[in-house]
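Here chain A shows up in two complexes: once beside chain B, once beside chain C.
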Partner chain A sequence: MKSRKWLVQVILIAAVLLSACGQAGGGSQEPVVLKVGWTGAPDTLNPAYAFLTESFTIFDLTYSALTTQAVSGEYVGSLAKEWTHSDDGLTWTFTLKDNITWHNGEPFTASDVAWTINAIIADPDGWAAVSNYTANFVEAAAPDDKTVVITLDTPVGNMEYRLSWIYIVYPPDFEVFTTPEDLQNFTNDTPTGTGPFKVTSFDKDLGVIVMDAYADYFDGAAKIDQITFQTFDNSDAMIQALKVGDIDMVIDVPQSAFATVEGFENVKAVKTAGSYFSELIINSVPEDFDPAPNKNPALDDPQVRLAIAHAINKQDLVDAVLQNLGVVGDTIVPPQLGGGFWHNPNIQDIPFDLSKANAVLEQAGYVMGADGVREKDGVRLEFRLQFPSDNPLYPRVADMLTAWFKEAGIKTTPESVDPDSLYSQMTPAGNYDLVIWGWGPDPDPDFILSVMTSDQFVDGGWSDSGYMNPEYDQLYLDQQVTVDKAARQAIIWKMQEMVFNDRPYIVLWYEDLLRAYRSDRFTGFIESPLGIEIHHSMLQVEPVQ
Partner chain B sequence: MNPRWLLLKRNLLDFWKTFRRNRMGLAGAFLVLTAILAAVFAPLLTPYTPTETMRDAEGRALTFAPPSVHAPLGTDDAGRDVWTQLVYGARISLTVGFLAGFIAMFIGSLFGITAGYFGGWVDNLLMRLTDVLLVIPDLPLILVLVATVRQLELKVSPLVILILVIGLLYWTSTARLIRSQVLTIKERQYVYRARAIGAGNWHIVRKHILPQIMPLIVANTVLILSTAILIESGLAFLGLGDPTQPSWGTMLNFAFDRNAVSNGAWWFYLPPGLAIIWATLGCVLLGNVLEEMLNPRLASHHLEGEQSIVTQP
Partner chain C sequence: MNRRDYLLRKIFFSLVTLAVVVVLNFLLFRVLPGDPVRAVIGRNVRISADTQQALREQFGLDRPVFPDQFLTALGQWARGNLGVSWSLRKPVSEVLLAKLGNTLLLIGLGQILSIILGVALGLLAGWKRKTAVDVGALTFSLIAWAIPTFWLGIILLAAGSTWLGLPTGGIVSPSNVGKPLYTVLPDVTHHLILPTLTLTILYMGEYMLIMRSSIMEVLGEDYILTAKAKGMSHWQVLRKHALKNAMLPIVTLIAINLGFTVSGAIYVETVFSYDGLGKMFQTALVKQDYPLLQGAFLLLAVSVILANFLADILYTYLDPRVKAS
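Our next item is the complex of A and B:
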């Protein structure tokens, strides 16, 4: 009991301190603090082994990479001022900007860049979060303080995109780790970076990250003095905090609260087409795979997959589950990537048509049984329908799918499973039938395309469908080394078509990106087709006078 | 007619006469019975199924719609009728509550009688075990247990885990209560007499102890039910229930996760909350009244009814 009282006191003191921080804005000497609320939290601030979006939001503010994605979607220099590549595309030479310093005041040099890139190449296990971006890299060198030379073993089509994810770290912070495990366990609570904000504290228990503006940031210091990120366990509490002005911005407004937030006074709610999608995964692990998959063999029948696709009312899912804040999905490359350049617009989605679904199954020889479940040669169309338990949308999706499938003579039993257990049950054990899950793709299609490749279906890999198609795998390698944009687009369109027709995934929807801020307090947020972009916005925002 | 039946009938009638005059008890019985009836006759009480989405004229899902003629308690985040969810939810909430309550009652009575009757090291062992469970804070323990068991990937429904965990942890107060009662009963004259004429342990427990503590067990069970329903709701609210078989707690969990408060959709979170109060209040009222009426400390012992047979040869 005693310790609990003590804890309450600490929380009270912290709350008082925090609210004291929040009283800013009265006098001209008061620091300007922008308070951001979110429902997530970074898993770690170590860029070598961070996997959550929240971590990367912080990295974008505290670290810098050679390149960065501009608001327009184009890749521009960040640490790099300019760059060229040799005619064969194998040698890339970057010239760095002047006056770059680390947060501790030390000068930043080209050898820091070379060290980071070489460290990732040397230890892909330890740097698991970013090692796929250095595929085809041979080495990085720093002939002088301002020049970085990267050599490749084959030309790469998306070099600028890849480099924008490689945050250059302060070598003394990372040199000490000798094994991949040591590096992975490093929490890096106060990172030393070169970005516009430096993390002054990261309190995991209170869920508060405090970041001070770095006055000597090489691209010009931010106009605000401090950003705080506050994690809310409950999104309703977060929405109320925005309403009364305890926080100034929410960067992940839940769909179910967006209409309410739009009605708030002095709050601007911004909705933009997003790239996060959810899909129905159909177990596509080949029967001869080792370990052998445990699934209903009827799922291997393309006609069954077609019938399943006919039995899904995607528009209804968007209406009811996403509260109409999204659009129906078809391919694994959402229309937002690269401004729509990579999304294959020629794919005709399978329409929702229950009688068609029944007809397809009837024709394929699946006879309706007395209990309303179709059957062929003793194989009943009866599937497990699982979903991760940490998502509030998926139980609704599972119920709706089950109701439609029933009309087509397919019986599914929804089950909510702990996400870690679900992953280990799927990859590479292949012990599932149908699973509802989702992805947040990178701006470049490379990552989301890699999810469907055969060699990702290993423990710790990204593939969960077990889709194995040598032709697709080859196309994936081809698009990586195709420098010509139009040629790469043609390959990527073909890949989307293959996944769409083979249906390891049935993409259900693309979610809108929902953010909101106090328009009476701050101005200057950049609203682009990508939504309110955090990194660039934070450099621009200023208090309303 | 069998005299034993007559006796039972007389006892029940006596009981009903007393009970009828107790307003609290009647209210409790009413609350509990209506909840059970709603659960049993759920399909008759609503024209919809719990997973059915309500639609407007254009076929679009009606989410967070306020109460209307079609949906008396409005619709939830997925456009389903809240009233339908409520009556079907009663099935899950009450089933989990009752099964867990009965498991707890059974274990508690078994441990209580064994410890109280046999005494000595058996008593010591069982009571220390009870003490250990009593001093561990229940809710954190249950949370950790449920979460851990779910990690094991057993092929059972989360509801079964809930029932077992609640049932296997909430027997301690029953065990202590029963034990203390058994301790006083076993020292009574008629127990000594029975033993003197050669009655075995089993006979004594069955014929002389169990009938004496049965009313206590019944009253205690009703009280445990309310705890079990509350704990189930709490766990389901924290997301440890089965989202595919919604109980009242799961409804609250969805209301919370899906921002019913921000949406002003009071019809989504108020009904399940009130339903939980309805059922638990019913159990508490009924249990308290039963305990008062049946407590053997306040009533005369069972041999009194047969006294006439003894004195009139």
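Our next item is the complex of A and C:
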């Protein structure tokens, strides 16, 4: 193979020099191909060790899980037809749908489900990408071909969500690996799944994935024949490709290009409410923490935090920086999670009011100095304001914040920092004052809530604010084991309120999800906060007649 | 000094340069801020602190940079092993080899075309100096040389895809991936047109400018006047007396450029999503993939040193002054 490559190159050179033009012609029975462009690519197609969102986009189309998130945000059965759990929440019984087959035509049985789940339980190091979803799982059993029984050691509050990430793999593909390393080095370029599309080729170097529709998909076959994914290293080129029709659909239209795309002929630009948010992080690491934080002590004063909140015009940020491609944010659980079920709607945001900000600081004893910076007991309200250098919007945000803060007698100095350096400067060193950054939460609030727990403020952990509140930590553990949805919702609302009032984060905005497709060629996409590329949507897509 | 001594000295200095490069190559990336493990995985929801630590151990990053990591790397290189890429989980040599072919194809085409066109245009301009041809060629070359690569690439991409229906990126269309080569050749050709054109325009200016000034200098020499006085035609003078001497600076330029060819054309490859070394350099840097970066820079250093060495050898044949010294 390798030795032939040189020959191939030589032939190519010759061919190009001769430069015969004209695309390979096609017959009249062309298959219907949906060509997708994106700027990313999966890291691997092995669900045990895939970490990038792009991998999960492909898994969603090629694999199936017991449950799936519907476009409404609720969890519904995918492989599972129905399920029940015991009163103590420790035993879950799933009944599978009929007529499920693997892409190779073999029948799919409950023992395949049990095998996958037990493999993850047995080798959490090998299945690093999904092992957190089987935490508290004891074992899975298949008493018959259609029934799966999962036993737990403690109740799990978000069972349906967790199972939606556990893609059931074809055991013969995975049984051969005996060590975590062997399993992780398996690239699984042509996965055997049960989903509506079957990967026929994945060329990581060229950034191309080709998927054919699987005619025997258990929920009904797709209306298109093929999907191709092509990676662009340059988003301008990708947008141009959409414009001229080289591709039919774009995942993640850059905010800066969205208005342009809206003006394209025969292209529909799709904007749906999304859950990515940006926030102002206020250093909340306790003074007695080891290592001791390096921050302006005035940030520990709740009145200073309140004044900062009053001095931020979120609507202006959304209008000017986000170009209206999003909405003002308030809590760390965005309204889109779970179809709005988890977002606390009762939180009253702090209004933008500079005179209020000044009054709050005045009352708290911060006196305006000759240079326009307030001061109390020798502590000046002068903060570092840092942001990761890879975000194109944050410099503008920092400038606007700095201008408003100045009006309130707070001096901030914006600084762009390499994201990795910024992280290591923050967690667990605590060497910062204010930082602008963002998150893309998981569909279940568990993850984004964990970001505020004390034990995440360690090297490699997810806490960057250093917020430490034992009551919050306890509530976090409580919501994990609360199976009753309403009860869990009450806990989660309370947690949002605590973070909102203590202000380790001031959430600035929730970003819209931006997609686009060629409306002259395809129709039927389901527009939802989950994106138009999810399998529910791809099953409905059909060519324009 | 005879040619053997001259060559031995050149080989010795090349090896010294290589040794320095190897050490620098190792140190350079380790002074970069940030944590490679986090760079490889990004800000990812699914990676726990434990997994990150496991990765760190797997990469050998839990051990001190000096001497542990340095000696390990040195030992590997000595055995011709470039290690395994962290982000791609493939042997570095395999990755480099695959991309090298693509890059040589693209840059090679661009270089050949720009050398032919640039040298021809330079000759023409130098020969017809101070005419409209000269002014036109000079203006074009100066603009081509000064133009930002990225910008030219995007403009050509937009124009070419809109009016000529040329592809917007990649080496083959997604539907043709994995098909037998002879069926996709026209498609590959299609994909190569715009990036090759971009590179040709970019390189051409430089060759033209050097060639023009070089030929003008040579044409002012006394021996040219003598040749003309002997009654030789313009063409004979140019071919027999001027060209060989005027080519010297171009040979140097070609040698240097060929050495850097291996670094790929980062901008062009990025604009056209072309799977070559340049694009790989960029991704490896963003991902802080040390083994891949080190391997790539080693390859780059070796080819630049090698190209210069070849230029030195070539000089002993082309330039009597080098032969004599």
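FYI, the second predicted complex is superposed on the first by the 424 of 545 C-alpha atoms of A that agree within 3 Å, B and C clash if a C-alpha of one lies under 4 Å from a C-alpha of the other, contacts with A are read in each partner's own complex, and residues count from 1 in each chain.
Basically, a contact is a pair of C-beta atoms (placed from the backbone, for glycine too) under 8 Å apart; a residue touches a chain by one contact, two chains touch by 3 or more.
What you see is a predicted model, and the numbers here were worked out from it, not measured in a lab.
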Touched partner set for A:A259, first chain B, second chain C, both or neither: first
Contacts of A:D418 with chain B and chain C, given as first, second, both or neither: both
Touching partner for A:A403 - first (chain B), second (chain C), both, neither: first
Chain touching more of chain A, residue-wise (chain B, chain C): C
Partner chain in contact with A:T116 - chain B first, chain C second, else both or neither: neither
Touching partner for A:T194 - first (chain B), second (chain C), both, neither: neither
Partner chain in contact with A:D236 - chain B first, chain C second, else both or neither: both
First (chain B), second (chain C), both or neither touched by A:N296: neither
Contacts of A:N283 with chain B and chain C, given as first, second, both or neither: neither
Chain B and chain C footprints on chain A, overlapping residues: 234, 236, 240, 418, 420-421
Residues on chain C engaged by chain A in the complex (per definition of touch): 33-35, 38-39, 41-49, 51-54, 87-89, 97-99, 101, 104-105, 108-109, 154, 157-158, 161-162, 165, 167-172, 174-178, 181, 183-190, 192-193, 196, 269-273, 275, 279, 288
Contacting residues of chain B [partner chain A, same complex]: 51-53, 60-61, 63-64, 77-79, 150-151, 153, 158, 239, 242-244, 254, 256-264
Chain A to chain B touching residues, read off their complex: 234-236, 239-240, 254, 256-257, 259-261, 316, 319-321, 323, 389, 392, 395-396, 398-400, 402-403, 414-416, 418, 420-421, 425
For the chain A and chain C complex, residues of the former touching the latter: 2, 5-6, 8-9, 11-13, 15-17, 19-24, 33, 35, 43-44, 51-52, 125, 128-130, 132, 184-185, 187, 201, 203-210, 226, 228-234, 236-238, 240-241, 243-244, 246-247, 418-421, 423-424, 440-442, 447, 458-461
